[in-house]
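Next up: the structures, one after another.
The following pair of complexes shares a single chain, chain A, combined with chain B in the former and chain C in the latter.
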Partner chain A sequence: MIEKHLTHLRQLEAESIHIFREVAAEFEKPVMLYSIGKDSSVLLHLARKAFHPSPIPFPLLHVDTTWKFREMISFRDQIAKDYNLDLLVHINEEGVKQGIGPFTHGSALHTDVMKTESLKQALNHYKFDAAFGGARRDEEASRAKERIFSFRTETHRWDPKNQRPELWNIYNARVRKGESIRAFPLSNWTELDIWQYIYLENIPIVPLYFAKERPVVERDGMLIMVDDERMPLNEGEVPQMKSVRFRTLGCYPLTGAIESTAATLPEIIQEMLVAKTSERQGRLIDKDQSGSMERKKQEGYF
Partner chain B sequence: MSVKQEISADIEQYLKSQEEKGMLRFITCGSVDDGKSTLIGRLLWDSKMLFEDQLATLASESKRVGTQGGNIDYALLLDGLQAEREQV
Partner chain C sequence: MADTPGHEQYTRNMVTGASTADVAVILIDARKGILTQTMRHSFLVSLLGIKHIVLAVNKMDLVEYEEKTFREIVSAYEKFASQLTFETITAIPLSALEGDNVIAPSTNTPWYEGPSLITQLETVQTTEDLVEKPFRMPVQWVNRPNLDFRGFSGTVSSGSIKVGDGIVEPTSGQSSKVREIVTFDGNLDEAIAGQAVTITLEDEIDISRGDVLCALQDRPATADQFEAKLVWMSDEELLPSRNYILKLGTTTSSARVTALKHKINVNTLEKTAAKTLELNEIGVCNFALDKAISFDPYQENRKTGSFILIDRFSNATVGAGVIDFALRRAENIHWQSVDIHKDARAEQKGQRPAVLWFTGLSGSGKSTIANALEKKLHSIGKHTYLLDGDNVRHGLNKDLGFTDADRVENIRRVGETAKLFVDAGLITLVSFISPFRSERQMARNLMEEGEFLEVFVDTPLEICEQRDIKGLYAKARAGEIKNFTGIDSDYERPENAEIIIDGANTAIEDAADIIIAELKSRGMI
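== the complex of A and B ==
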């Protein structure tokens, strides 16, 4: 009966909190993957709510590719300090030693080594048996039919043909030693839900989401922000100051900005509602080819 | 006034009205190839919930792997997995 009075955002919130508590109760060593983006901000907010007034009963893990926007890193450290979080940061040192980066090795290899491999290293090292992620079903076709408790083999592989049945809110938490699950509390949220919830709950997000004058260059039809001196400029290429913001955040060389003057949350939501393109359009790594996200997921990418 | 005009005119008012919204839960049941995904895909299409880049991908995927002879195959909006597309 109470449900009648819950708005859709409150229902989504309740569902996510239930998932957090279920995983915390059923697994020995959970971790929350924290990517610093808007979905991670909502995920963190929900995790804090789920266990309040106790601290979050598991650590956060950021897989740092060393190519994130500088503002993302300072935001991460500030949030960890403000909320007194147990934040683990993992960098694939092997990749760093080999000098792997998106400019020199291309987006596919960079993502594979610095993100997918790096995540697997961290999961193996800490022996986590459950990892929360902020993926949403509306993001990408290969995520559309992902379970909320997504089973992974000992080698972190995801087999789309061998998924467990998941009936309503009954989750199967049985895993053998070495096997694990990825849990997605935001599965049923849409991009709009995320923004509305950030607005409603006043959740802090990285300032890069708000429009500001930033130095950008145009590459393959995408506006790439020149975030540090590692970005090689082509001959005659001069960074221009443009009022831009980001719809999603990742590695700065792989994340396209959009021209915008939206500097407040309502303005961002307003722009999004009349937008004609999806948020993933600004992500270079999705466009390698159709099915590329699925392949990355099978190999252990989030 | 259309929704888009409403959004442009007063976003704060629109957000307030959205906060009160309830949630619709929707499931389809059926056997393999009964048209569960096609129905949901068609609903997304008709309710104009798709973005231009998603439509462009849908059009090219329909030509490449679709079952509708080059016409739009709405099921491809949901059956995004290679593994699913292998099902004959």
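== the complex of A and C ==
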């Protein structure tokens, strides 16, 4: 006797698979944005499920800012090898030539050049007409109103005031040449769903999510991990070994760690259930300067 | 959870939110009772097929938690709601401010014995009925990793399916049995509504995206016309004559509104006559599609009875529809799948079936050449049929005139008839002016690859007019015939005709021989 009712995680899973298949069937050249984080890991797992026994019928794209944690890059390459993925890595070489980096140019310019611009370069170069992202509506206010098929103009702009209504599970996939959509299969998942699903499905994730003794310095109330020698230390600043983990992963100079001893998935889920802060509180770029997330997204940030 | 705004100008948002909801909480101010917006909200959630209502009678603290007030509101609401389609209405006296009956039962309302709001939301049963409905799975993607595996990927919309069960694709009538239910986590014995799976079949049948795998015994309607309620979502009003893109499940078709019966006032439920629909208006419309599709009435199945309309030019989603029923009672006529196929019929006749579509101006020599060709084919033992434009207009198409719309319909019917003859294994000769490229293309699209040969009898207008065998050009020049091709109606020359006959310089017999040679070189005879 099989259960006649799907659990909420199985419903979310089925919805995501449905979205993956719709995009693959309706667009000429989709791509999956792969950021190496936990949401990307879930996204990748769902993509493999959606098309099984076929391989994933589109490439993965990692926009490498060159400032990701080293462990993220080695994890990425290992996963690509293990799953035999068609992985594209794009770096904004123009930005590299100019030596753009978060320590020298600030987080806003760095993110703009090495992430947002770089992403647009890659999308234009490969002429992708649909790009999957792992954004969730519970992450941040501007993401709550994002559609599952989110329309982008030829210049990759998003117009939050003029979005296509989305009813039932029917998605409008019509775009003109040069226009595209961003597709978000994880829209209706919460952070807790993600962790429970990783646990349930035994999905590999970057070890940085688990607590371990790591060298950190405290800056502006955030614990920044000293991941390589490019990090300039201020006078009197001495890296300390602390048991920390990360709730989200990005560029290491812009990503705050939290002090924690949660070294297993059940421990992480346990900590989450009592946490009162958003996972993105560790993200410097969300707060930096004038840029609200909504503005960044209108300009093409994922 | 969707919190949708209540004002009339947000009907579009309310409908969008309700489309994916299982339960609606309708909020009522205990001091004010049932308001216009209560009725509007109830009508919209009923229209969108929500069966379970929580009537949240709020601000009970301001009416001294009086049972009588609550009971009066509930009974008035139940009376109003009896014209809607709800299965359960659970009324709860609340004070959001004081927290009465929100999470736990309140001592302020000892006369109330029902559940608290949270308890009700957490326990209401909403999905089980979908599993009990007939099996439907719209095919999203054909899964073909290699030559040995051909699976159909999709999400089960309703019902359940087991290995060995019979299924049918209703628009073609093809049926088979389920061989495997494949998932990444291993094969299943059974799949139920809501699950995303890949199904392989015992037989090789032609199924692609947009088709729906259905239970053999309990099939959906298949029709190219239906009545639906349409919610208009665009600032630009509905144009009933315009062709919109209609997306239902995974099927995309071209559709237009053939009749706008009336619109429905969302506040009073009154029906009023209408010529168009504006933003946030709801109308009852008849739709005609360019092909037959499978669907169920929305109130029976929300997954297979809902669609969106997309504007061809702006690509905006401009409407959302819920189907009431199929028109022309086509719903009970299912495609009969037959065992003797076109190939078998043609093989018996020692030929390959084809359509030879003669196009050219009136007087170009189409019918004369076609006639000579048919005699030659007949004499060498080939099986043929000649469909002549003039002759068909005396019978099958005698209700049609010569406007552009009628010419299109004329060609459509002839194309469909030719298709039946090809299916019967015949070499079918069609002699039709068929002046428009798009309609010749439409006829071509009806046939399989390589079956349609366009024969362009290219005779200059002056020569046709000189010949004027039927005296028609003279009448057209005199203005006695309107819309005459070549005179006051265009002839669009074929761009890629398979066979071109120089009608001014080729003898009839030679023209027929040229075509016979072409048929031989293509292995058709």
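As a working rule, the second predicted complex is superposed on the first by the 295 of 302 C-alpha atoms of A that agree within 3 Å, B and C clash if a C-alpha of one lies under 4 Å from a C-alpha of the other, contacts with A are read in each partner's own complex, and residues count from 1 in each chain.
Everything below uses one rule, namely that a contact is a pair of C-beta atoms (placed from the backbone, for glycine too) under 8 Å apart; a residue touches a chain by one contact, two chains touch by 3 or more.
Model, not experiment: these values are computed from the prediction.
When the two structures are aligned on the shared chain, A:233 is found in touch with neither chain B nor chain C.
Of the two partner chains placed by superposition, only chain C is touched by A:25; chain B is not. In the superposed pair of complexes, A:241 makes contact with neither chain B nor chain C. Judged by the touch definition given at the top, the superposed model places A:17 against chain C, while chain B stays out of reach.
By the document's definition of touching, of the two partners only chain C reaches A:166; chain B does not. Within the superposed three-chain model, A:266 lies in touch with chain B and out of touch with chain C [touch as defined at top]. Residues 11 of chain A lie at the contact with chain B in one complex and at the contact with chain C in the other. Considering their complex, residues 4, 7-8, 11-12, 14-15, 18-23, 51-54, 57, 61, 76-84 of chain B touch chain A.
Looking at the complex, you find that chain A touches chain B at residues 7-9, 11-12, 140-145, 160-161, 196, 199-200, 266-267, 269-270, 273-278, 280-281, 290-291, 294-295.
Put simply, chain A touches chain C in their complex at residues 2, 4-6, 10-11, 13-14, 17-18, 21-22, 24-25, 48-55, 164-170, 172, 174-176.
By the touch rule above, chain C contacts chain A in their complex via residues 12-13, 15-16, 19-20, 127-128, 131, 140-141, 143-145, 149, 151, 153-155, 182-185, 188-190, 192, 194-196, 198, 209, 233, 245, 247-250, 302-303, 306-308, 310, 315-317, 320.
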